[in-house]
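One chain, chain A, appears in both complexes that follow, with chain B as partner in the first and chain C in the second.
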Partner chain A sequence: MNGTKTLLKLCPLLVPYAALFCGGVFLTVGQSFGWMTPVPYDGGRFEAYAGLLSSPSFYASFLFSLQVGAVSAFFAVTVGTLLAYGVWKLPVRLQTTALVYKIPLILPHIAVAFVVMLLWSRSGILASLAHSVGWIDTLREFPNVLYSGWGLGMILAYALKGTPFVMLLVMALLVHFDPRQIQTARMLGASKARVFFRIVLPRVAPAMHTAFIILFLYSFGAFDIPFVLGESRPGMLSLHVYNLYFKRDLARRPEAMAILVIMFCFAAFFIMAYSGIVRRLESSERKV
Partner chain B sequence: MFPNKHLTLLLGAWLVLVLSGSVQAGKTPLLERPFEEIEKQAEGTEVRWYMYGGWAHVNAWVDTYVARELKERYNIRLIRVPMDAGVFVNKLLNEKAAGKRNGTIDLLWINGENFKNAKEAGLLFGPFASGLPNVRQLVDPDSMAYDFGYPVEGYEAPFGKAQFVFEYDAAAIDAPPRTVAALKAWIRAHPGRFTYPQPPDFTGSAFIRQIFYAVTGGHEQYLDGYDPDLFARQSPKLWAWLNEIEPGLWQEGQTYPKDSATLDTLFARGEVAFGMSYHPPHAQNKILEGTYPDTVRTFVLEDGSIYNIHYTTIPFNAPNKAGAMVLSNFLLSVDAQLSKYRPTAWGDFPALDPRRLSPRDRKRFQAVDLGPATLRPAELVPVAVPEIPSRYLEALEQGWEEHVLR
Partner chain C sequence: MKPLSLILLLFVLFVLPVVVLVLSSLAPGWRFPNVWPEAFSLRAVTYLVQHKDPTLIALGSSFLFSLLTVLTTLVMCLLPASVFARKAFSGKTLLEGLLLTPALVPPMTFAMGLHFLFIQWSLADTLIGVVLVLAVFSYPYMFRALVAGFQTLGGDYRACARNLGARPLRILLAVELPLLLPAVIAGGSVVFLVAFSEYFLVFLIGGGNVPSFTGQLVPLLSSSDRSLASILTLIFLFLPVALFVILDTTLVRAYRKRGMI
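Up next, the complex of A and B:
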C-alpha cells in the first residue's frame, strides 16, 4: 500500500524518465540490430557488433578512451581529496577564500578545453612565457603536450574539471568530521601520514569511490573535450560515434548505435564490478 | 523486418487519415500551380532557412541582402537558422520517425551525401526545381542532373558552384607545386609544413578524392557508378601516396586537423605552408576579414581540381513550402547570384549558365572584381573535374581510416 503511494508520488519524475531514457536506450539498441533504422538495413542482426569486435581500431579506441578516463579520474580523485583535506584543516577565516576552487565547477567542459588549449599549445600562453623567460629558444622546443599521442590535453582538461568536483564531495563528508579524533590520534603518537591513511581516508572513501565512478565514466564517454583536444590516433570513441552518426552514410547507423550500446553495457558492468570490489574490500577490512 | 512492418502499417494508417483531411480542404497540389500563385500564397509569410552557420560573411550576406530583398520583393520574412547539414538531416529523420507532419524547417542548404541521405530516407518535398522560373530559364539542366553522382530528379535547386583550391602565402613561397607529383616532392623536402583536414571532414575528404583521381589515371572511370573491383584495384595507389607523405606532414602525421577551420588557423599562424578550401574565394574572404596576410594567393593542381554545385531543398514537412520555393527561386535570380559573386559579400561562383544570360547580364558578371587572391573562371574551368559518386566517397573515407589512419 505504502509502496504504491510512493510510486504514485514519484510518477511526475518516473514517467518522463521511463519515456525519455528508456525510450532512447530502446531505440539505440533497436537500431544497433538494424531495426527502425532511417534507411532499410540489409546487414545481419549482429553484423554491426561483429564488425566492431573484429576491428583492431575499435579496441584501440576503446582502450584509449578507458585510459584517458581512468588516468584523469584517478588524478582528480587523488589531488581533489588531498586539497579538500588541506582546505578543511585551514583556519575558518582562510576557508572562505579557498572557495575559489569552485570556479572550474561552474565553467562548462568546452570552456575548460579551450583554457587547456590556450595554455598548453605550442603557440599558447605557457610556450610564449617559457620563451620570453628564456627557458626555450624557439616555440618548437616547448613540449608537444597536446599532440603527444597520450591524450595529455584531454587528461589535463578532465582533471581540471574533476578536481573541484571531488573536493566538493569530500568536503561535504569532512564537515561532519570531528577534528578531536585527529588530535587524539596525534597525542597517542600517530604520524601525520598514519592519521591521514587510517582515520581521514576511510571516512571520505565513499565520496572518493562515487567521484571516481562518475568522473571515469563521464570522461570515458563524453564528447565536448575530445572534440576540442582530441587527436586523430588513437581517437576517442565518442568522436568516432559522432563522425559515424553525423558525417557518414546513413547505412552506418547500426554501427554508431552498436558502439553506444557497448559503451552503455561497459558502464553498467563497471559500476557493478567496482561497487562489488569496494564492498568486498570494506568487509574484509572490518574483519581485520 | 517484423517491427518495421508494424511501424509502416501504423504510419500508413495515420497518413491516410491525415491525407484525407487535407484532400477535404480541396486545393490543387502546390507543385501543379503556376508560380505567380505560389508567390501570392507566400506573401506575408515567414521562411525558416536552415543552413551551415560557420561562415560569418555568408551569414551576414543572408541576414542583410537576402533578408532585405525578400521582404521588399515578396513581403516574406526570412529567418536564418544556423545548423550543420548532418544535424538537420538527423533532425528531419527523427521528425519523420515521430510522424511530425508540421516541421520547423522550410528550406535547407545541402548537397552530396546529405542530399543522398535525405532523399533516400524520403525526407524531401518535390520534385519542385523545374517549377521555379529561374531554374527553367537560367540553369543548364545537365549541370543539375547529378549531385555527387546521385540523381537529383528535381528535388533540389542549384544555388552556387564551388571548386577546390589550395592557398599559399606568396611572400613565403615563390612558386607553389603545380602537380600532384610536385606536391609530394615539396612535402618531403619541407617536413612538418603540410597537412590536410581529417576525413570525413568535407575539405579533407575532397582533398583525398582529388589525389585519388590524380594517382589512378583520371576521373572518367568512376563516373558510371560504384564498381567494387575497380575500387579495390585502384585505391591502394591512393593509400600508398598518402602514407608516403605522412612522415612529412604536420606533427609527423601523428594527428590531423579535425576540420578545415583548424587547418585555416594553422595556416594563418604560419604553422603550415598551405591551406585548402572547396571555395575559390575563401582566401580572399579571409584577407578581407584580416585573418590571412594580404600576400596569400590561391592555385590549383594541373592534375585536376574537383568542383561541385551546392543546392537548396525543401523538407517533406516544411510548414511554408510556397515561401521556400519563392526563396529558392530568388536565390537563383541574376541579382542574387551577382550579389553573392562579389567577394565583399561572399564570392561564391554563380550556378547559372552564362550562355542563357542576356549579354548585359553576362557583362555584369564579368565586371565583378574577384580580388587578387581568387582565381578567375578562365583559370579554374580548364582543370575542373566532376565530383565522384557518393558510394566511392564513402568507400574512400572508410578506406582512409583503415589504411592511412591506422
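Up next, the complex of A and C:
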C-alpha cells in the first residue's frame, strides 16, 4: 500500500521522464537502425553505424569534440576554483563587487560566442589593441584564433561561460568552510600552496568534479556555440548532426541518429566511469 | 593575490565584455584598427525602436515559454521531490541518478527523436511542444533545488498541520509551498535562464512558428553591422537581472508583511 502511494507520488516526474526523455532516446535509437524513418529506409540495420565507424572524418570530429569539451572544462574548473577561493578570501566589503562574476551566467551561449567574436576576431578589439601597441601592422598578422583549426574560439567561449558556473558551485561549498582551519595550518608552518592543495582543494573537490562532468559533456555535445563560432573541418559532432538532419537528404536520417546514439552512449559511459573513479579515489584516500 | 588585483581581474574577465557591448551598440561604424570608436551614433537604437514589433513579439514569446517551463517543472517535481527528501526506498540512488541524466547528456540526443514523436502528436511547431522539450531538459535543476528545500524544511511543519487536521494536499499547498518559495525561486531562476537562452531546442521543436529572442539574435550575429546584435545581447543581460531584482524585492516585502523574516 505504502509502496503504491510512493509510486503514485513519483508519477508526475516518472511519466514525462519515460514518455518524453526515454521515448525520445528510444526513437533516436530506432531511427538509427532505420525504423520509423520519415522515408522508408532500404539500408541494413547497422549500415549507418558501419558507415560512421569506417569514416576517418567521424573519428576526427569525435576527437575534436572531445578536445574542445575537455580543454574548455579543464580551464573553467581550474580558473573558476582559483577565482572562487580568491573571492572567498576577499574582505567582506569587496565581496559585493565580486558579484560581477555572475554576468556570463545570465548571458545565453550564443551571446557569449558573440562576445568572443567581438574580442578575438581578426578585426576585433584585441587585434585593434595589438595594432595600437605596435605588435601588428595589418589585420593579417593577428593570429587567426577563431579559425585556427583547434577550436580555440569555442574553447574560449565555453571557458568564459563555464568559469562563473564553477565559481558558483565551489563558493557554495566554501560558505561552510571555517577559515580558522587555514589559520591553524599557516601557524603550524604550512605554505600558502600547501594550504590550498591539502586543505582547501579536498574540501571543494566534489563541486569541481560535478562541474567538470556537466561542463565537459555540455561542450562536447551542445549546438549553440559551434553554430555561431564553429569551424567546419573537422567540426563538432553536433554541427554534423544538424547538417545531416536539416540540410541533407532525408535518406541520411539514420546516419544523423547513429551519431546521436554514439554521443549518448559516450556521455552515459563517461558519467559512470568518472564517478566510479572519483569514488574509488575517495575511498582509498580515507584508508590512508 | 592582492584583493584589488583580483577585483581587477574579475572586471577584465566579466565586465569588460559588457563595456565592449555597450560601446559597440552605440558605435555602428567601429572598425579595426580603432581601439576606441571614432564616432558614436544612436542609429542602431533608432532602427530597433522603429522596427520594434518583431523584437517585442520574440521577447514576449520567449518570456511566455520560459515562465511556462518554470511552472511545468514545478508541477512535475513538487510531489516527487517531497518523496525523495523524506522516504527511503530501494533503488532510490539509482533512480535519482537516472532522473538527473536529461540535464547531463547532450539535449540533441533525445530532442531529435522527440521531434519525430511530436510531429505524430501534432505538438511540433507549437508552444506546448517547446515548453515540454524545455521542461524535460531543465527539470533536474528544479528537482535538485526542491529536494534540498524539503530537506531543510524538515517534517515538523507537516506534522503540526496534520495534527491540526489539514489534508495532505492542503498541507502541501498552504503550508509547505509558501515555505519552499526560496527553493522554488532558486530552481526556477535556473530553469528560466536555461529556457530563455536556449536556441537549438526552440528552433528544432518550434520550427520557426514559436518566435524566440535567441532566434531573433542568431541571424544578426553574423551580419557585418554588430550594433544591432550588441543591443539585443545587452537586453538579454538586463531583462533577467531586472526580473530577479523585482522578484527578490517583492518576495522580501511579502515575507516582511507576514512577519516571516
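Following the convention adopted for this analysis, the second predicted complex is superposed on the first by the 284 of 288 C-alpha atoms of A that agree within 3 Å, B and C clash if a C-alpha of one lies under 4 Å from a C-alpha of the other, contacts with A are read in each partner's own complex, and residues count from 1 in each chain.
Going forward, a residue touches a chain if its C-beta (ideal position, glycine included) is under 8 Å from a C-beta of that chain, and two chains touch if they have at least 3 such contacts.
Everything numeric here is computed off the predicted structure, so don't read it as measured data.
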| item | value |
| --- | --- |
| Which of chain B and chain C A:V71 touches, first, second, both or neither | neither |
| Which of chain B and chain C A:L152 touches, first, second, both or neither | neither |
| Partner chain in contact with A:L250 - chain B first, chain C second, else both or neither | first |
| Partner chain(s) touched by A:G230 [first = chain B, second = chain C, both, neither] | first |
| Partner chain in contact with A:S123 - chain B first, chain C second, else both or neither | both |
| A:S57 touches, of chain B and chain C: first, second, both or neither? | first |
| Contacts of A:V39 with chain B and chain C, given as first, second, both or neither | first |
| Superposed model, chain A: greater residue contact from chain B or chain C | C |
| Common interface residues of chain A - those touching chain B in one complex and chain C in the other | 30, 36, 38, 123, 227, 245 |
| Touch list for chain B against partner chain A, complex | 3-4, 7, 84, 86-87, 90, 93, 96-97, 113, 117, 120-121, 198, 200-201, 251, 254-256, 258, 269, 271, 390, 394, 397-398, 401-402, 405-406 |
| Of chain C, residues touching chain A in the complex | 1, 3, 6-7, 9-11, 13-15, 17-18, 20-21, 24, 31-35, 75-80, 82-83, 87, 89, 98-99, 101-114, 116-117, 132-133, 135-136, 139, 143, 193, 196-200, 214, 217-218, 221-222, 226, 229-230, 233, 236-237, 240-241 |
| Interface residues, chain A side, partner chain B - complex | 30, 35-36, 38-40, 56-57, 123, 144, 147, 149, 227, 230-233, 235, 243, 245-250 |
| Contacting residues of chain A [partner chain C, same complex] | 3, 6, 9-14, 16-17, 20-21, 23-31, 36, 38, 83, 86-87, 90-91, 94, 97-98, 100-111, 113-115, 117-119, 122-125, 127-129, 131-132, 139, 160, 163-164, 213-214, 217-218, 220-224, 227-228, 238, 241, 245, 256-257, 260-261, 263-264, 267-268, 271 |
